[in-house]
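Presented below are the structures under discussion, each in the form of structure tokens.
Consider the two complexes below, in which chain A is the common component and chain B and chain C are the respective partners.
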Partner chain A sequence: MGLTLEHVDRIVDGETHLCDVTLEFPSGSRNILLGRTLAGKTTLLRIMAGLDRPTRGRVLVDGKDVTGVSVRKRNVAMVYQQFINYPSFTVYDNIASPLRLQGVPREEIDRRVREVAEMLRLTPLLDRLPAQLSGGQQQRTAIARALVKDADLLLLDEPLVNLDYKLREELREELTAIFERGRSIVVYTTTEPTEALMLGGNVVILDEGRVLQTGPTDQVYHRPTTMRAAEVYSDPPINYLDLVVEGSQARIGEQVTFALCAHLEGLAPGRYHAGLRANRFFLKRRTDRDVALESQVELSEINGSETFIHVNHQGFPLVVHETGIRTYKMGSTVTVHADPAQFFVFNQEGSLVAAPEVDPGRTPARR
Partner chain B sequence: MRVQKRTVALGLYFFLLILPIYWMLNMSLRANADILASFALFPRNATLANYMKIFTDSSWYSGYINSMIYVSLNTIISLTTALPAAYAFSRFRFIGDKHVFFWLLTNRMAPPAVFLLPFFQLYSTFHLIDTHIAVALAHCLFNVPLAVWILEGFMSGIPREIDETAFIDGYSFPRFFLTVFVPLIRAGIGVTAFFCFMFSWVELLLARTLTITNAKPIVATMTRTVSASGLDWGLLAAAGVLTIVPGALVIWFVRNHLAKGFALGRV
Partner chain C sequence: MEKWENNRAWFLILPVFVIVAFSAIIPLMTVVNYSVQDIFGPGQRFFVGMEWFREVIHDERLHSALLRQLAFSCMVLLIEIPLGVLIALAMPKKGWGVSACLVLLALPLLIPWNVIGTIWIIFTRPDIGLLGKTVNDLGIAFDHTARPLDAWITVMAMEVWHWTPLVALLAYAGLRAIPEAYYQAAKIDGASSWAVFRHIQLPKMRGVLTIAVLLRFMDSFLIYAEPFVLTGGGPGDTTTFLSIYLVKIAVGQFDLGPAAAFSLIYFLIVLLFCFVFYQALQNVGTGESR
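Moving on to the complex of A and B:
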């Protein structure tokens, strides 16, 4: 039961926006659609809502085909990336409008509006017009209007992307709590792996209109099946190094060699791609196994209290994530350390061959 | 205190603008003999006789009433047809949409005189000559395209997501259109109504041709003041002043929205 998409294609003006998407969202599940911009997230959401029709394929709700059913006849709620409210209605009327249209009795409307307003801390703003609110408050109003309906399907299209950092964190926490209480199928799109990890539930990795991988959020994080999925599911994108396995030795580039250890043991000789997220590179040696990669600094970028150092190791561009604010001179040489036990290994076709053991005590790191 | 050049230039400009209107007001307050006899910057023997004549003589005041009736009719017809049309052009894609949209504008490129004869024959056939609706419909020729263009600009400024949100919330189309959408483009509707009013109010040729006596507009009445005794200057000036008033009133109401209409590049 729940929402099912069967072989959904969406082609607009000869351009394929979605290609053969087959997905299943059980009722009550929380789902994150993760993908870069133009991956087809919004298109997919619009098809689920019934705003657009798939070019091919079917949409089923509880086993019933609803492909051509008008959006008005479906029980869905949607929050857009832009702050969309009815500008001529007060916040109260905005939130109440879906209930009024359903013909809910006046007292119940009042009770439900006040309940959801309390939840999203909109109570003191109920008499204002949306134009008199800040961006965060406007988006909270939009979310409140979607929540109050108690729809079977709640769609959120990058709802937090236009908000500033602090507000985003705050609202994300609230939303996570609200989703846990609700009974509807939640589909939440985002470009940020961090956001996916924080919201939990299931993740669907979309890329160029295709589904790359689905599964529980943290599981997919630890076992991306393809190089592309790993790229989408890390921010900054995962770093790749060419790896040549010869016997019990592995070689990165020309000079750096190390003995196969941990999950790399037993790799058949051949050429591979080693993937390592930016937060698994260190400028200090941490274990005896670490390989040292001499690299040139190309750019060091400070983001909050973190520093991203873009370096180049023999033609491989790498990003190193360091905590704290550090400055590195452009062109200077640094030694980047990486633990081979942390390598994701992909074969030449880009499929995962070996992934590091997941330390069960550790939740997935931010970023 | 030094007077700025800008102030002087603007003052001069304003003076030149207001001069003919002042002259008309001046004349309207004088008797014919007075106007022809002497040159005066302001009326020495001011009289309201000209105005009294207009307000008491039914051949004069009915002209105003006729004009107002067909102008209102035209504004209502133009808005009710242009609102859905503009919505369609703004929100939907259909075969030839851009061409039709441009074709609408080309209707404004022909002088109304071109349509005079066909209109006259057509309206005669349907026994519509000398009715208010005849003029109102004829003026739709250039008011509907204009209204569609202005409204389309305002509507395209409203995010499509608002429409979709309303449909997701369960609004039926008419209800959404009237309760959510129309309030959002209030300013645009005001500007459009103003332009419809203005074009219909000042148009003479079609209005005169399609009416005889029952729906004769004020502008036509004014052109017929030449009598055996010559032009009735004072009366004509008074009629002119009274013809400016409704336009000025309407401008006053939409003055804040007009600038937005211009900014959208559609007016």
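Moving on to the complex of A and C:
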């Protein structure tokens, strides 16, 4: 089954939630909807599920218009941010409930429930009630309820966001394996760029109700076509510096100049925005090309085993991602090094004009 | 040092002790005092032990008042809880209708209790009451001052009119607290609206319904003002509920000893029933029985 959205708009009380969304999800594909909160991710899922009708546009399944078809008549499964299970049913009955409603024979229900329960490691918990489970187990049950249906379309709306860090990592890995085995179209929404990269497949970058960019997750990561897409696909948000190109030289601010190199060579003279992710800034000099940016430390936050240092370089707020735990005094001066060969360059309209070459040995964070 | 800290802790909880003493223990102890003595006047008191309790326990009129009270409270629960849930389910979920419904529902709750009795006396009078006159004109003889069944129906109708809104408001609050995603999930599963009610709404409302059952049981078991104004306990003794009978003993006959003993028994009965209800409702649907 293939799902197509054609020029879908969703307007509620004069407020545009989705604007001209055209997307195609081929059979068996894995798709990540990446966007910040209020980008329209959930709205889009609800339209795909058939819970809401688009204000304009069409939803097609295998070329057939299903825009007005009720959710009850579609073969979809959905997992929510909250842990949604029937409170008075045991885990077993919860997983079995969609099959019972479909009128599947008893033995088959039993076989399928046990199979899915095994896959999500719920077998020892089958007799418990949702209230007796931990958050992670409750969400596993909800995911099992969705998987057991073997639906054509599996929608997951930020399913891991309410779990703690460890459980999230664990469940994400399991989900990746489960998605690989299934035949359904998977649509998974998230706000986290790393999550999109870990799950792989295709990514749809959504911002303020519009599709900014689509493509394979890693390719989009390496070539965000607009500044907005780059911002959404970076955590912490990508850093921008003003860049002025004059002949074969480029200048950042007033003092820092460097020779155009690698992918920057063909740039016409003019003003640009240089984009650089936090993990491409270093406090140590690493290559001869590096530019050194004198900056003041404004804040340093420790996140797990990493440190994010918020600095200010002549009015440009920058975030530097350092591995390991370090402390920096507020107001102290540090020199931030960046390799111009790693710069994304956007023109004044915000479109990508030059992207760094991808070093095949250093694809980010994928497992 | 540790001792000093312990003493200070006692000092800090002293205000609570004082408040509880004045709000509960001291008034309660005066009742206990009366229940075990025969008091004629200042300085004229005789200890009678369990005498008043024995007398009260063998009082036939008390037995029938207790049975009447139990029947009344059970009927109140059987009618008001389902009706309140139905009203809550039928109420609009958004828009101006919500405020309109909430105000309309809250109105009976805002009326003083003896005024409610008066309203219903006038409303159901066979000669001039809107309801009483209409029913009689339809050919159905109806007079709550003369016929016990009519008196019961009237008291019950008044009680339901007065207090069902409270149950409805509680149930409505419980319903509104269910995340939208539950309904969506049920819709995606293809569950019927009965299944949604039985397996999502009802279990999710358990907490508020427990409170509703407890409140309505306690309040209806202690009912006084409305039937006192409406029927005065009559005709005969047919609507004499426990508190009306208690007031007859205490104020009407001025038998303070038996009245005090009766009060304590009454209090213990309410406490016992509430405990039983609470325990039962806590265990419903938690799966211990499965």
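By definition in this document, the second predicted complex is superposed on the first by the 363 of 367 C-alpha atoms of A that agree within 3 Å, B and C clash if a C-alpha of one lies under 4 Å from a C-alpha of the other, contacts with A are read in each partner's own complex, and residues count from 1 in each chain.
One rule holds in what follows: contacts are C-beta pairs under 8 Å (C-beta built on N, C-alpha and C of every residue); 3 or more make two chains touch, one makes a residue touch a chain.
Here the structure is a predicted model, which is why all the values come from computation and not from measurement.
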For the three-chain model obtained by superposing on chain A, do chain B and chain C clash or fit? clash
Would you sort A:313 into first (chain B), second (chain C), both or neither based on which partner it touches? neither
Is A:78 touching anything from chain B or chain C once the two structures are fitted on A? First, second, both or neither. both
Thinking of the overlay built on chain A, is A:127 touched by chain B (first), by chain C (second), by both, or by neither? second
Taking the superposition on A as described, I'd like to know which of chain B and chain C A:30 touches: first, second, both or neither. neither
Now for A:97: first (chain B), second (chain C), both, or neither, which partner does it touch? both
Does chain B (first) or chain C (second) touch A:17, or do both, or does neither? neither
Of the partners chain B and chain C, which touch A:86 in the superposed model: first, second, both, neither? both
Output check: A:168 vs chain B and chain C. Expected answer is one of first, second, both, neither. What do you get? neither
Which stretch of chain C would you flag for clashing with chain B, going by 6-14, 42-50 or 168-176? 168-176
Once the two structures are superposed, pull the chain A residues common to the chain B and chain C interfaces. 49, 51, 71-72, 76-78, 80, 82, 84, 86-89, 97-98, 101-102, 145
Of all residues in chain A, which touch chain C in the complex? 46, 49, 51, 71-72, 76-78, 80-82, 84, 86-90, 97-98, 101-102, 127-129, 131-132, 145
Touching residues on chain C, where the partner in the complex is chain A: 179, 181-182, 184-185, 187-191, 195, 199-200, 202-204, 285-287, 290
Chain B-touching residues of chain A, taken from the complex the two chains share: 49, 51, 70-72, 76-78, 80, 82, 84, 86-89, 97-98, 101-102, 142, 145, 149
Going by the contact rule set out above, which residues of chain B touch chain A in the complex? 159, 161-162, 164-172, 180, 183-184
